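Down below are the structures I want you to see.
First chain A sits with chain B, and in the next complex the same chain sits with chain C.
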Partner chain A sequence: MIALQDRKLALWYIGVAYIAFLIGTLMGLLQVFIRNDKLQLPAWLDYYQILTAHGVLLALIYTTFFIFAFFVTGMSKSLGTFGPKVRLVSWIGFWVTLIGTVLATAMIVAGEASVLYTFYAPLKASGWYYVGLALFVVGTWISSFALIGHYRVWRKNNKGELSPLFAFMTITTIVLWLIACLGVVATVLFQYIPWAFGWTDTINVELSRSLFWYFGHPLVYFWLLPAYIAWYVIVPKILGVKVFSDSLARLAFVLFILFSIPVGFHHQLTEPGISNFWKFLQVVLTFMVIIPSLMTAFTMFANFEISGRKKGATGLFGWFKKLPWKDVRFTSIFIAMAFFIPGGAGGIINASFQLNEVVHNTLWIVGHFHITVGTPVAMTFMGLTFWLIPYLTGRKFTKSMQILAFVQIITWSIGMLLMSTAQHILGLLGAPRRTAFSNYNNHPSALEWFDGILTSHVTMAVGGSILFLSAMILIYIVVMSMFLSPKALKVEDQVEFPMAESDKSHTPKWLENWWIWIGIAFALIIIAYAIPLSSMIMHAPPGSEGFKTW
Partner chain B sequence: MSKNNEHDGMDLRGTLASVMVVGVIIVVMWVVVYMMYMGR
Partner chain C sequence: MHFHKFEKIWLVFGIISLIVFLSIVGVTAFSHDHHPAGGMDTIDPKKVDQTAPFDNPGVTQIDDDTYQVAIVASAFSYAPLELRVPAGKEILFKVTSKDVVHSFTIDDTKVNMMVVPGQITTRAYTFDKPGKYLILCNEYCGTGHHFMFTEIEVY
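== the complex of A and B ==
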C-alpha cells in the first residue's frame, strides 16, 4: 500500500475525472437524439455547446485527470513515497489544472465557447475560455515536473540503474506531453488570447490550426500511452507472467515520442495552405508509428500465448481458452485491445493522403474517435478503475461489484459496436460530422442516412443510449468503491496494484538516455515543421476576424 | 550482455499467426476504402 498522502492526491484526481465523465457522457446522450431529430433543445442550450462540452470533458478532462491519478499511484508504488516538495508541487499542479478546467467549463456552460474541442479559428470564444485552457495545460506541466522531480531523486539514489518499467513509461509519456504542449501553448498565448480579448484584430488561421495539430496528434498518444502502460505492465501480472521483453517495451515507448509529434499535418491533408511535400513527409513519419504499434500487438499476443501454454494450452490458438476471462480486470482490457485493431486500421486509412479525401469531414472520423479514445483508452481506464479505487481507499471490490463491472463493460462494448459501426458506415456514405440535425432538403442521399438497419441515426441513438446506461453503472461502481463498499480488513480482501516483474538484465542503458531521444525528437520536429511554419508566418494570408456562429 | 535470451525455445506460433491476422485486417480495410476512393 502506498502512503496515505499520495493516495489522497490520486483519489482527488479520480474524483474530478469521474465528475467530468458523468457530465460528458450525458452530453453524448443528448447529441445522438438531436441528430435523430427526436429531441429539441431549449433555446438557451445549443447543439454545438453540448458537442463542445462532450469533447472537452471526455477527451481532455476525464483522460488527463485519470492519467495523473494512475501516474501518481504507480510512481509512488514503483519509486517510493513522494517527498514533501514533490507532494506540494503535485498539489499545486492539481489545483491549477482544476481551476483551468472549471474556468473553461464555465465558459462553455455560459454559451461563450461553443467552438468544439479543436477550437478552430476563426470561431471565437470568450478570451477567458482560452485562459482556462492555458491554465489547464500549465497545471499539467506543474504536475509533470513534480513527477519528473520524484524520478530524478530516485535516479540520484540509484546511480547507473535503469528505472522500473512503470516509471520509465510514465516519464516517456510526460516528455511527450511537455513537447506536444509547446504548440498549443504557443497558439493560445500568442494568437488566441490577444485576438479574443481584442488586443489584435485578426488571427492567422492556418498557423493556429497547424500549431493545434502539432499538439493534437501527440495528444492522442498522451491518452494511449497510459493505456499501453497497463497493457505492458499490468496485464502480464494478471496473466501470471513476466513482462515479455523489457527492452522491447522501452524501445516501443521511445519510438512513440519520436513518431507521434512531427506528424500533425496528416490531420490537415485537405487544407490548401500547406504544400504537398510537407504533407507527404509527415504522412511518411506517421506511418512509422505502425512499427511500435505492431511491436505492442506482438507483445500482447505473446503474453497471452505464454500464459496460456503455462496453463497447459496446446495447438495454435489453444491458449485463447486459458485466458482469465472471469477476471474483469483482464477481460475489460482485452476488449479494449480488440477494439483497437479496427481503430488502428482506421487510423492508417485516415492518414493516407487519398483515402483521407473519402472520410475527412464525415461521421467516419467520429466513429474512429470512439473506437480509439472512446474504447481502447476509456475501457482500459475503466478496467484500471475497478481495482485502482479500492486499492486507494482500502475497500473491497465485492462480488456484486465484480458482476456489475462485467455488465458495465459488456454494455459499453455493445453500445459502442452499434454506434461506431453506424458512424463508420454513415461516414462512408457521406454523412457529415460536426453538424446538428439536417435532412438537407430531403435529398435522397441524406434520407438514406436514416434508413438502414445498422447504418442509421436510429442505430446511433440506440448505441448511444446503451453507452449512457453503461456510463451510469460505472459511476455507481466508482461511488461505491470510493465511499460505500465495506473496508477490506482481512489481507485476502485487500485489492492489489498488479505490477508485473520486468527483467532489466538484458536492457541496454542507452534506452534510458533522454538526451538521445529528446534530441532526435526535436531534430525530427525541426525537419518536419520549421520550413512550413516559417512560411505560414512570413507569407501569411490576410488574417481573419473572429466569428461567433452560435 | 548475455547472448542467451529468455525467449529461446518459447512456442510463439499463435502469436505469429495472430499478428498476421491483425496485418490482414489492416490491409483489407485499407483496400476497401481505397476501392471506394477509386470508384468515386
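== the complex of A and C ==
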C-alpha cells in the first residue's frame, strides 16, 4: 500500500470529484424532465443555469479531480512515495483548483454565468467566473508540475532507465494538458478577464472561439488518456497477462500528444473567419488520431485473446467466454470500451468536413459525447473507483458492494443506450442541442422529430432517470467504501492496485525523449494555427461589446 | 520496435482506408466546391443596420438563376420576418449577427451556418421541393434561445 499522506491527497481529490458528480448528475435529471414539460423550475432557477452546471461539474470538475486522484495514487505506487516538496506543491495545486471550482460554481448558481461551459463571447459572464476558470486551470498546472517534479526525481535516481509505463503515460497526459491549456489561458487571461471587468471595451470573438477550441479538443483527450492508461496497464493485470507491447503502448500515447492539439478547427467547420484550406488541413490532422486508436483497439483484443487462450480457450472466439465477466473491475471497463466503438465512429463523422453540417449543434452531438466521455471515460473511472477507494482507505470491497457495482454499471449502460440512441436519431432529424424546449410554437417539423417511440421526450426522460438512479447507487458505493465498509484487516481482504508488468527491455530510449515529442507537437501547432490565427488578429473586424442575454 | 504480423496488417489496412477516405472528402470539397458554410468577409457588429446588404435585409434577385438572401440575426429573432424564395434556383444566404453568436439552420436541408458577430457567413443552397421550412437557432444565445426561429417559404 502507498504512503498514508499520498492516500490522503488522492482521497480528497476523489471526494471533490464525487460531490461534483452528485450535483452534476442531478442537473442532468432535471433537464430531461424540463424538456419533457413535466417540471417547472422556480423563478430563481433557469434551464440554462442547470445546463451550464451539468456541463461544468461533470465534464470539467468530476473528470479532472478524478484523474488527479488516479495519477497521485499510481505515481506514488509506481515511482515511490512523494517527497515533502512534491507533496506540498500537490496540496497547493489541489486547493487552488478547488477555489477556482467553487468560485466558478458560485457564479453559475448566482445566475451570473449562464454561458455554458464553452462560454462563447460575446455572452458576458461575471469577471469572477473567468477568474474561477483561470484558477482552476492554474491549480491543475501546479498539481501537474508536482507530478513532473516527482517523475524527475525518479529519473535522476534511475539514470538511463525508462520510467514505468504508468508514470510514462501520466507524464504524457500532463504534457498534453499543459500544451492544450495555453489556448484557454491565453483567451481567458488576455481577452475575457480584461473585457469582463471593463478594462477593455470589446473582444475579438472569432479569435476567442479559436483559442477555446485549440484547448477544447485536447481537453477530450485529457479525459480519455487516463481511461486508456487503465485499459493498457490495469486491465491486463486483471486478465492475468502482461502489457502486450511496452513500446507500442508508449508510441500510441506520444502520437496522441502530436495529433490531438492542432485540430480544433474541426469544431468550427460551419463558421466564418477560417478559410476552407485551414479547416481541411486540421480535418486531416484530426484523422491522424485514428492510427493510435487502431493500435489501442488491437492491443485490447490481443490482451483478451492471450488471456483467454492461457485459460484454455480454443477456436477462433473461445477466448471470449473465458474473460473474467464476474469481476466488476473488468466488466465495467469492457462495457466502456464497447461504447467507444460507436463513439469513435461518430467522432469520425463529426469531423468529416462537409458532413459536419448535418450534425453540427444538433442533439447528435449531445448523444456523441455521452457515448464518449459520458460512458467510455466515465465508466472506466467508475470501474477504477470500485477498487481505488477501498485501496486508499484500507477497507473491504465486500460481496454486497460488488453486486451493487454490477447493478450500477448495468443501469448506467441501459440508461445511456436509451438516451444516447434517442439523441443521435433526433440530431439526424434536425433537433437542436442546448434548448430548454424545442417545439418552436408547435411547428409541424419540430413535432415530427419527437414523434417516434425511440425519439420521444419520454424515452429521453426514462433514460435520464435510469442514469440518475445509477449515479445514486455509485454515490452510495463511494460513501460506503470511503467511510463505512469494514476495514480489511486480513491480507486476503485487502484490495490491490492492479498494475500489469510491462517488459521494457526492447523499448527504444527515444520514446521517452520528451523534447522530440514536444518539439514536433509545437511544429504541428505552428503549421496548423500560425497563419489562420494571425489573420484573425490582423484582419479583425471591430470587436464586440459584451451581452447578458439571460 | 516490434510490430506483431497481424498488427501490421491491421494498421496498413487502417491507414490505407484513412487515405482513401480523406481523398474522397478532399476531392469532393475542393473540386466540386462542396464546402461547409463559411466566408472571410467582416463587418462592424455595431453598424449592421447601416451596412449593405444588411441595411435592407431580405431576398434580392441577382440574375436569372441566383438569388441573394441577407439575414440579420439578433437575440432572439431573425430579420426580415418573411422569406420567400423559388425552388430550383441557387439561393445565396448571407447572415450576420448584431449581438451574440447564433446559428441560421434550415430544417431538412444542409444549411447549418454559425453566425458570428463581426463576420458574414455565406452558404449557397438550392431547394428541390417547395414548402415551408423551419429555420432555427442551434447555438445557445440566452434565455430566449429556444424561441428563436422563423420560416422560409419555397415556391
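Throughout what follows, the second predicted complex is superposed on the first by the 549 of 550 C-alpha atoms of A that agree within 3 Å, B and C clash if a C-alpha of one lies under 4 Å from a C-alpha of the other, contacts with A are read in each partner's own complex, and residues count from 1 in each chain.
One rule holds for everything that comes next: a residue touches a chain if its C-beta (ideal position, glycine included) is under 8 Å from a C-beta of that chain, and two chains touch if they have at least 3 such contacts.
This one's a predicted model, so the numbers in the text were calculated from it and none came from an experiment.
Asker: For A:341, is the partner it touches chain B (first), chain C (second), both, or none of the two (neither)?
Answerer: After superposing on A, A:341 lies in contact with chain B but is clear of chain C.
Asker: According to the stated criteria, A:519 is in contact with first (chain B), second (chain C), both, or neither; which is it?
Answerer: neither
Asker: Output check: A:349 vs chain B and chain C. Expected answer is one of first, second, both, neither. What do you get?
Answerer: After superposition on chain A, A:349 lies in contact with chain B alone.
Asker: Could you say whether A:358 touches chain B, chain C, both of them, or neither, answering first, second, both or neither?
Answerer: A:358 sits against chain B and chain C alike.
Asker: Of the two partners chain B and chain C, indicate the one touching more residues belonging to chain A.
Answerer: Partner touching more chain A residues in the overlay: C.
Asker: With both complexes overlaid on chain A, does A:435 touch chain B (first), chain C (second), both or neither?
Answerer: A:435 contacts chain C only, not chain B.
Asker: If we overlay the two complexes on their shared chain A, which of chain B and chain C does A:83 touch? Say first, second, both or neither.
Answerer: Neither chain B nor chain C is touched by A:83.
Asker: Applying the touch criterion given at the start, work out whether A:240 contacts chain B, chain C, both or neither, answering first, second, both or neither.
Answerer: neither
Asker: Should A:486 be classified as contacting the first partner (chain B), the second (chain C), both, or neither?
Answerer: In the superposition, A:486 touches no partner, neither chain B nor chain C.
Asker: Should A:251 be classified as contacting the first partner (chain B), the second (chain C), both, or neither?
Answerer: Touch status of A:251: second partner only.
Asker: Do any residues of chain A touch both chain B and chain C, and if so, which are they?
Answerer: Residues 245, 294, 298, 302, 352, 354-355, 357-358, 506, 508, which sit in both footprints.
Asker: Quick one: which bits of chain B touch chain A in the complex? Just the residue numbers, please.
Answerer: Those in contact with chain A are residues 1-2, 5-7, 10-15, 17-19, 22-23, 25-26, 29-30, 33-34, 36-37, 40.
Asker: Which residues of chain A touch chain C in their complex?
Answerer: 46, 48, 114, 116, 120-123, 204-206, 209, 245, 247-248, 251, 268-276, 279-280, 283-284, 287, 290-291, 294-295, 298, 302, 352-358, 360-362, 430, 432-438, 440-441, 443, 445-446, 506-508, 539-545, 547, 549-550
Asker: Can you list the residues on chain C that touch chain A in the complex?
Answerer: Touching chain A: residues 1-4, 6-7, 10-11, 14-15, 18, 21-22, 25-26, 28-30, 34-46, 75-76, 99-101, 103, 105, 107-108, 110-114, 116-122, 133-134, 136-146, 149, 151 of chain C.
Asker: Quick check: in the complex, which residue numbers of chain A touch chain B?
Answerer: That would be residues 244-245, 294, 297-298, 301-302, 304-306, 308-309, 316-320, 341-342, 344-346, 348-349, 352, 354-355, 357-359, 428, 503, 505-506, 508 of chain A.
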